[in-house]
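Chain naming follows the written order as A, B, C and D, and within any one chain the residues start at number 1.
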Amino acid sequence: MKNSFFGVTKMDRTRLNIELYKKEYLIRKSEETIRKYYMDDEMKTPVHLSVGEEAIVSGVIQAMGKRDQVFGTYRNHGIYLAKTGETDKFFAELYGKKDGMGKGKAGSMHMFLPEENFMGSSAIVATVIPVAVGAAFANKYKKNKNLVFVFFGDGALEEGVFWESLNFACLKKLPIVFICEDNGLAIHAHIKDRQAFKSITDIVSKFGCNVFKSESTDAEVIYNLTVEAVKKQRRVNKPSFLHLKYYRYLEHVGVNQDFQYGYRSEEEFKKWFKVDPLKIQRRKLLKLGLIEKEIKELEKAIDEQVEKSVEFAKKSPFPGEEELLSDVYA
Amino acid sequence: MKNSFFGVTKMDRTRLNIELYKKEYLIRKSEETIRKYYMDDEMKTPVHLSVGEEAIVSGVIQAMGKRDQVFGTYRNHGIYLAKTGETDKFFAELYGKKDGMGKGKAGSMHMFLPEENFMGSSAIVATVIPVAVGAAFANKYKKNKNLVFVFFGDGALEEGVFWESLNFACLKKLPIVFICEDNGLAIHAHIKDRQAFKSITDIVSKFGCNVFKSESTDAEVIYNLTVEAVKKQRRVNKPSFLHLKYYRYLEHVGVNQDFQYGYRSEEEFKKWFKVDPLKIQRRKLLKLGLIEKEIKELEKAIDEQVEKSVEFAKKSPFPGEEELLSDVYA
Amino acid sequence: MRRITFQEALNEALMQEMERDSNVFVYGLDVTDHKRIFGSTKGLVERFGSERCFITPLSEDAMTGMGLGAAVNGLRPVHIHQRVDFLVLAMNQLLNMVSNYRYLSGGKVKVPMVIRAVVGRGWGQSAQHSKSLHSIFAHIPGLKVVLPTTPRDAKGLLISSIRDDNPVIFIEHRWLYFTSGEVPREPKPTPLEQGNILNTGEDITVVATSWMNVEALKAAEVLEKHGVSVEVVDPRTIAPLNDDLIIRSVKKTGHCIVADNDWVHCGFSGEIAARVAEKCFNELKSPVKRIGFAHAPCPTTRPLENKFYPNAIDIIRAVEEKLKLEPIDLSNEEFYSWENRFRGPF
Amino acid sequence: MRRITFQEALNEALMQEMERDSNVFVYGLDVTDHKRIFGSTKGLVERFGSERCFITPLSEDAMTGMGLGAAVNGLRPVHIHQRVDFLVLAMNQLLNMVSNYRYLSGGKVKVPMVIRAVVGRGWGQSAQHSKSLHSIFAHIPGLKVVLPTTPRDAKGLLISSIRDDNPVIFIEHRWLYFTSGEVPREPKPTPLEQGNILNTGEDITVVATSWMNVEALKAAEVLEKHGVSVEVVDPRTIAPLNDDLIIRSVKKTGHCIVADNDWVHCGFSGEIAARVAEKCFNELKSPVKRIGFAHAPCPTTRPLENKFYPNAIDIIRAVEEKLKLEPIDLSNEEFYSWENRFRGPF
């Protein structure tokens, strides 16, 4: 018996939404865990948390093929967790340990895991965009059909290299999906004080990009949008640009709320929190027929994974001194 | 008796067109003079000639106020001549002499004359654009009403800094006029191999710029367009963007034609040469009632000015050795 | 005299210079937010309004060119960057435009602009927020490069830099922000292009830049107790470099260590070593020793970060080696570190 | 052995490497036009097609990042710039990304990319087309910096650079393009990180980079006639720098001149001077002398340009000074210059 939704069976849809919720929950849980332990001052690395953007990251990454590649910014925890599902290397890296995916050299801001096709993240705004374009170029060169997904913030739109990269990707019709995660802020600066244009998608479409936008915090909506984008991209052979809005719950860098500084209001947060990605997704699972206990169970599994990883990370040794000078050259 | 044309008397219009023709003729004559003497190998500086773009430069600059400022690229001879009207310092600079406006240090690619409000030119593509934006910022800061005009080629649109500058100028509503002189080429590379977008004005308008475009080689058309742009700019308090097409008659750098290399056809040149700016303008003067002799006279005056300047330049001494290390710091 | 912090000194310099000259304006990312560039831009927007103190889009390249254009048109921009690493986005403007604009005009225009950029160790900054590019800027004729160490110099050199008619790259170590010292209340410029002897000594010269002066002074303090007298020379302006004090000092002591807050290879420490080796050829009793960052990108994790950055102990050990002393027992010495005070922003 | 020009040698290296490995591709402004980067990319697009040899938009920054992404994904990009000055637009990618990408991945990715950039005097190039930024790149850990002098090295070092798994900045002096020499037909790599003695001598060592080796050889030839034997050492790879040959040579001769094709202050010449002064402390009979560009932006006009660039005569005079010789009468010597062969492009 089919209950069609975008031509998907209800079973499929339930499974999909479970997957999405697991991703979202893994992100939220991991970030909350960081918040919990951060003040111990053992994770000596500046963190830019993904709390609030779980729907975007989970939805987009769920739509990626296994061999598609992803690039991100310093706000990369969500990407890392959604793409790899693993937390041992993740926490070990935050603790600066040898078992981190960068042996402790990368820290929070430079996480990536090539073996899982997370190909890089950078803490200099917009710098990863042309690198992603180059990866897409290589995929096209090798005719391997893999797509590249690159995440960046609204601030990146102001850096010249964004425009250069967009132009080249469109000119060469590269297999790349640009994802602008727009939280309206660059650190504490509001978008209206930084950008003269109103609609980035209007502009980008004139470069020959397929454009899509959403303000949804429902991961399934983002997933479907991404699936649609990828389909269209494969059909018309043009890059895609996804403009997705969300609200950053916490301070730019660090683990705290920061409404007291007055550059934004708690009211706004409350409005967005009503449609918190995890709330929406959890409710949806119940609607789709899961019972509370089932959800609790999968949450518990993730809780346990994360707690175990923190233990693992804490126990992992620091990298040896020889690591300072290794990996500078191949 | 009034013969109105944009509300201008016929007298005014004749005077205007004489001025425009004088500018165009001064440019053409100067460039032809460079071509004539260049092989003597005394002007040891790479030249990017303005032959073909006379209508644009003359028309735009004719519309500038005396205290408005201008910036350009290495393809700056036209701007220099139209803005300053002088040729002594011009040729002296080309000959690398002390009496050049840069004492021979600037050469062809870096001519400027602050005392005549030509504020700079640069041989690195697009780099002068933000500088012009800064000059406009200063004018606004000082509330002096002066406008800044910045010329650049179609190639500049591909450099990130163009987009950054555009965004900032529009955001701050700066008193600046962007002029893209589009010859469809960057050295030997065709625009379609470099740019993914079809219409730059469509895009620029979305930044909140007033946009104007023309393919005319009639300096009067360009003049009127510029006047209109400036009026609108003063009224709505937004930057302007002029997209103006023309044909580069000669090789990118140097004094020769280069149709033999096959990257473009002589046919195209012939098409454009039918509407050569000087031909059009000269014909127009005759139509406006000037007689051949009058035109010849003003041409002769310019011919003499240029020949005298070449003599002056040749006689001018080279800068002294102490000049090498002077002006590095103020 | 009144004591204030380095951060307050910078703030006071900006305040007084903006007061004095309405052509001075301050801009850059974050200059008006609640953190105010570690407090150094505090009160400016309130006092002088948003036309003279404002944030910008994330466009370092264009914003640098913007400063150049404004300077050429008679203003005196002060552009601020939270990290010197962001200045590499503006390298084209700095190397191709700002540095030679005056020269190409045949001396007709002036380019009075200041670019303040923060450097220095934080707290797991990693490779993209840890560079010290002063030698790169110093390599380019036309740029001036200033690195203040003391609060007094933070104020005095910033004032001089703003009043100077040339482009000045003004590099501030974040750990120095917390240091305090005597600073005159009135706007008293410290002349550019003069070094400063931070500690007088007879046995060995340490030439240090920025934070490394603090490490050198600590080393001098420890060594003093063991009868070794260290002269610490802070060049302050490294381009154009006036090396008089350095040369005079090494001629006196016969030994020289350069402790630069940067990588060694092709850096400023090499310049000093080359000059000292040349100009003190007959006086030098041992080769010049260079101390700097490890030759690697800066790693995040603390144990490696600790190895990456040189400190007072490295200087002490180098002095011992030069003077052929027995290693001092340092177990009772307290070597401070302010890294924990930094957790961002970067 | 067959003699070909430097330019042909570069072209042959590209041709053979593209033939050998289909992951090698060549891109940049002007690489397919009729001038073909002074001939060095001749025949590539015809032989390998426009997917493996293509021009790009005027977007140096993005195009550098593009190369990094392609390299990380297994390709071997060769990116070409008509002038090294255009690379300052890509400084952010080079300093913040390319140089540390491997490090931050904990050694998991490789970054095999080559960036060829032309430097050197032309013909009234002026300030924006005359820089030599090798010391700046060399300062940054993670980048390799190679400056070939001979046609043999142009080929051999380019082959090695393409096969190397690290980012290599490959700097070519335009005047060298016309020089010719023996070059093996087969693709024989010249190992990176090894210097080369271009002339064996006993009395004094000249360490020179790029074109300055040609000037040094000319100086050696002239001095030879007057009984002075000059050893000319070409470091070839300046980062990472293997200074063995240099140190060995100076230990032998006791005198050292560095003739760098760049400004002096905080440049590569300082690095060599510092190392030589340190490692040959006991052998050095005179201070290391540094020769480089005048400390100014490069002016356009010929008389000043002639003063800006150092040449064989400067080296000869420096040698005379070091060895306390009477000035040689040079009026009968012919000092060549190829500047007239260059009128563009830049």
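Basically, a residue touches a chain if its C-beta (ideal position, glycine included) is under 8 Å from a C-beta of that chain, and two chains touch if they have at least 3 such contacts.
Values in this document were obtained by computation on a predicted structure and should not be read as measured data.
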{"item": "Over-half contact-pair match to A-D, picked out of the listed pairs A-C, B-D or B-C", "value": "B-C"}
{"item": "Identity of the chain that, by mean CA position, is farthest from chain C", "value": "B"}
{"item": "Chain B and chain C, separation of their C-alpha mean positions in angstrom", "value": "43"}
{"item": "Distance between chain centroids, defined by C-alpha means - chain C, chain D (Å)", "value": "31"}
{"item": "Centroid distance [mean C-alpha coordinates] between chain B and chain A, Å", "value": "48"}
{"item": "Approximate Å spacing (C-alpha centroids) for the pair chain A, chain C", "value": "37"}
{"item": "Junction residues of chain B, two or more chains touched", "value": "100, 102-103, 105-106, 110, 122, 124, 158-161, 164, 167-168, 171, 193-195, 328"}
{"item": "Per-residue multi-chain contacts in chain D, two or more chains", "value": "56-57, 59, 61-62, 85, 89, 92, 96, 103-104, 126-128, 141-142, 295-297, 299"}
{"item": "Parts of chain A lying in touch with chain C, wherever the complex brings them together", "value": "41, 44-46, 96-97, 100, 102, 104-110, 122-126, 155-156, 158-160, 186-189, 193-195, 252-254, 261-263, 318-319, 321, 323-325, 328"}
{"item": "List of chain C residues in touch with chain A within their complex", "value": "29-30, 33-35, 55-62, 85-86, 89, 122-129, 294-297, 299-304, 307-308, 340, 343-346"}
{"item": "Partner chain A, residues of chain B touching it in the complex", "value": "158-164, 166-171, 193-199, 202-203, 206-208"}
{"item": "Chain B-facing residues of chain C, complex", "value": "25, 51, 56-57, 59, 61-75, 77, 92-93, 96-97, 101-112, 141-142, 144, 164-166, 240"}
{"item": "For the chain D and chain C complex, residues of the former touching the latter", "value": "85, 88-89, 91-92, 94-96, 99-100, 103-104, 126-128, 131, 133, 135-136, 138-142, 238-239, 241, 263, 265-271, 273-274, 277-279, 281, 284, 286-290, 295-297, 299"}
